[in-house]
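Letters A, B, C, D and E mark the chains in the order given here, with residues in each chain numbered from 1 onward.
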């Protein structure tokens, strides 16, 4: 078994001497290159918080030798807004609003995690239809979220077109979600006990039309970006996260599966309607950026397949279980997780029997992917940094929380 | 014709004048509110870390040296190309070029073998 | 007429053309990219947003010009001129028709290429002087890629010169008049012998122009705004303008050298003559459209891949091209006297 | 998914770690002393149960101290266990990154937001907030009142 | 602001030229690509996407603040981010505007009770247009830009009014 200390090599390389925001670190270090009298000075570059391709407000302090990255330090907290603290002052049915704004591109998965946790703690049995609706909106959200990733990943490589084509398809998905929940991004649709409202009339035809169109569009997207030699040259063999590293840094979701470990909460810790659906779980081999790209593309296809199954097999019945107006779970502790677009979105609730959680913890897939970045970026070129950050699909909202 | 070269000189002078004029006009027309923080070098919204002017990777300069050699050789090829079609010169002109380009290729191969062409 | 006045008028005409080109091309880029991306592009100022670039220029003219602390002041001020002047001077030798060109330099081709290759020096200057790390990296990349692709660009045009036997751009176009076998226009692009040369020219010139997929020096997703990160107001506007002007120059070179300049095939010279400049401009704009098309669809190459491609493939290929072309031309000359 | 508690507690005691088993709504929980935490995690990782992933880590302000929960997952046996340990306010939390590198950032977060200091961490600086901000997840640190928010 | 240095603030030459330049300014609002949180998806991404296409109005993004006219603050600003926002605003060239997009940037939004969150970006930089919503729809952002254009238009009209008043 590999000693974790062998995997972690670059930790703290940039942190000789303490530095905080505004205070320069050690700065330039002279590193002999082997030629007498000729030495290269390293450059320390701030990438972010305002940078077109750090996907939000990530700040990377990068030490480069020429264009080669020597060390990276991730600085977080530019979006820290206290979701965990505020949740201690919200009632249980209000937690979804906070989770929506955590991972703001795939909000449904966060809401689902909260609902699952509260239901398990209170031992609520939800109607079958509610479970199916939840599964369907979760998979639609996955499509919308992966399309944002796909578009920005294309933008990172400099391909503007892919971004705009992805936005077109995302608009279609978001429109359906809006028809169901009333909001484009902050749905607050999944609540403990079921969902807020029944599906609107006639939505199944719209969704089926979307599924049909999206199948062909997905092939087009893949042909345009993945089929491009230049793109393949940029992602193949770049940012390899092998199985040991992925486990050591607790990667989850597509990032873990790209490394060759097929762990998926939808299959291995089944919840809602997933046990009744047919779907494949794509698994990569080497864990490079190309594998992560392929896994996500295939996930979109599977998500589309699941949405179709959900619509076709949608059961009749109630959309919400009988739950008290004010939820007061018994004293206890619970952890529930959903497979979100970025990995395991977990909710750890400590209840003291009142109507607000005593402690609310939000486990996000992106924070762990972020730690792995510090480890895998050194040794690559500056241009690869953008690609690797893009391929791990980190969302700063759920990193900083 | 001499006029042609006068025009070229005119291009340089007038181009420079145009740049000066536009920047000048822009300075007259535009507001100016300098401040300490505005003058700070932009680095993604953080304070710059260390100076930018460092001794850069030696690899860049090796490329520059290689380029100078190749570029000058290429310029020598142009006069040759102009008289190439002259039927009087026959096949000799091609053979001469084989020698000339052969030297270049040898240089390229040497640089390749030394690893100077590998971008790091 | 007073020769000084003639010189002045000609230069002013070139300046007007360059500015008009810049305005039209930026508008065209936004429209072309917009429609390719399922959008409309500018629509609000003037019919179909036709005045959009004018508004942008006017606005840039009245923006504050910031000189950051710590820049190399002399170079920082010279750099926009160093980018602008060569790309302006490159207009000198372009033949718009048989009789219309600003000068008819005997070394026209060499001069245009020389002017074009001066632009990256301005870019490097801007990148270095800005005291900004992104600019510095952008400038360094520009210099490196310019260095690697200057040689293939120069070599890829040699076969044309060998065939035409002149460096005068007008004469090169004239060498392409007439028909081959009675129906194939004698444009150089019609000869299979020149196809590899044309391919080399397209790749090398896209690199020289910093165009997608080789736009590493201003890669927005990597280097913020590359070498121009610190430039604001009109200085930025001039850099931007000369970038589009260079597109025009390169496209014009391609049209002149490979696509028969102002000529239309199968139509007698005398008929074309009155509309020759229009024909030329249409061809040039078609070339620019293709560049924009590439820009709208292609991802970006990584710098080390670009350098590998340049030094290890294109330079040997272009050297081989010269030798092969030389042998083939001489053999053809000996057997049937194609050139002459 | 819930492992056999007796097998694991015997595994732990063989390594000299006293662990108290708690069967709660959460799952199988082992409560260990702070000094034993790292040793317990290493045993769980290297012992036969193969808990290779530290899936999650959190700290809770219980009212009389801080309780740290480690959430471990084994893929080969498909099991999950929780390890809990407690320490006093402003105490020193020993880092477990040598066993589980994924603890690097969560530990910094816990230390920063619950007001602990880190021992043995390669980069024990603040992660989310700037200097001079209270440990926000402590119960004694209040959130803004409605009046403060209204006045802006 | 500019020719006034030569001809005075109430001169017709200055006011007329400003009228022209304000027309240019409001039709060429380049915004700085600076997405902080959720609003960035709606205000910056969807906005430049095929459906809403801000490019129609000449609203276009530049990555560097040196070339930007408008800063869209799209998301929650916390105490760590405040310095960055202020610095980026300072680094933009005059004339410049700020659009506070969404509830968070306007007042702190759903996170206003958390002590680390700044209660509205107007505590740090002067805001010209507030766009309500959480997040605002792209249409709202478009409307916000139209309001900003109106605001720029009013500047010259106010100058003209002041001139006729002083005469």
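One rule holds in what follows: a contact is a pair of C-beta atoms (placed from the backbone, for glycine too) under 8 Å apart; a residue touches a chain by one contact, two chains touch by 3 or more.
Bear in mind the structure is a predicted one, so any value in this text is a computation, not a measurement.
Chains making contact with chain C as well as with chain D: A, E.
Geometrically, the chain at the heart of the complex, using CA-atom means, is A. Ranked by the number of C-beta pairs in contact, the top chain pair here is B-C. Put simply, the C-alpha centre of chain C and that of chain E have 36 angstrom between them. One inter-chain figure worth recording: chain A and chain E are separated by 31 Å, centre to centre, where each centre is the mean of the chain's CA atoms.
Chain B and chain C have Cα centroids lying 15 Å from one another.
The mean-CA centres of chain D and chain E are about 45 angstrom from one another, to the nearest whole unit.
In chain A, the residues that reach two or more other chains under the touch definition are 21-22, 43, 45, 49-52, 67, 77, 80, 82, 85-86, 89, 164-165, 168. Contact with two or more other chains is made by residues 29-33, 38, 40, 42-48, 51-52, 56, 60, 120 of chain B. Residue positions 37-39, 61-66, 133-134, 136, 220, 224, 229-230, 233, 303-304 of chain C each touch two or more of the other chains. Chains that are in contact with each other form these pairs: A-B, A-C, A-D, A-E, B-C, B-E, C-E, D-E. If you check the complex, the residues on chain A that touch chain D are 1, 4-5, 7-8, 11-12, 15, 18, 20-21, 73, 76-77, 80, 82, 84-86, 89, 120-121, 247-250, 252, 261, 263, 268-269, 332-335, 344, 346, 348, 350, 358-359, 361, 363, 367-368, 370-371, 375, 400.
The touching residues of chain B, counted against chain C in their complex, run 3-4, 6-8, 10-12, 14-16, 18-20, 22-23, 25-27, 29-34, 38-44, 48, 51-53, 56, 60, 63-64, 66-67, 70-71, 74-75, 77-78, 81-87, 90-91, 93-94, 97-98, 101, 104-105, 108, 112, 117-120. Looking at the complex, you find that chain E touches chain C at residues 2, 20-21, 23-25, 27-28, 49-50, 53, 55-58, 60, 62-64, 66-67, 69, 91, 93-95.
Considering their complex, residues 21-22, 49-52, 56-57, 77-83, 85-86, 89, 97-98, 101, 104-105, 148, 151-152, 163-165, 167-168, 170-171, 184-186, 396-397 of chain A touch chain E.
Considering their complex, residues 28-33, 35, 37-38, 40, 42, 45-47 of chain B touch chain E.
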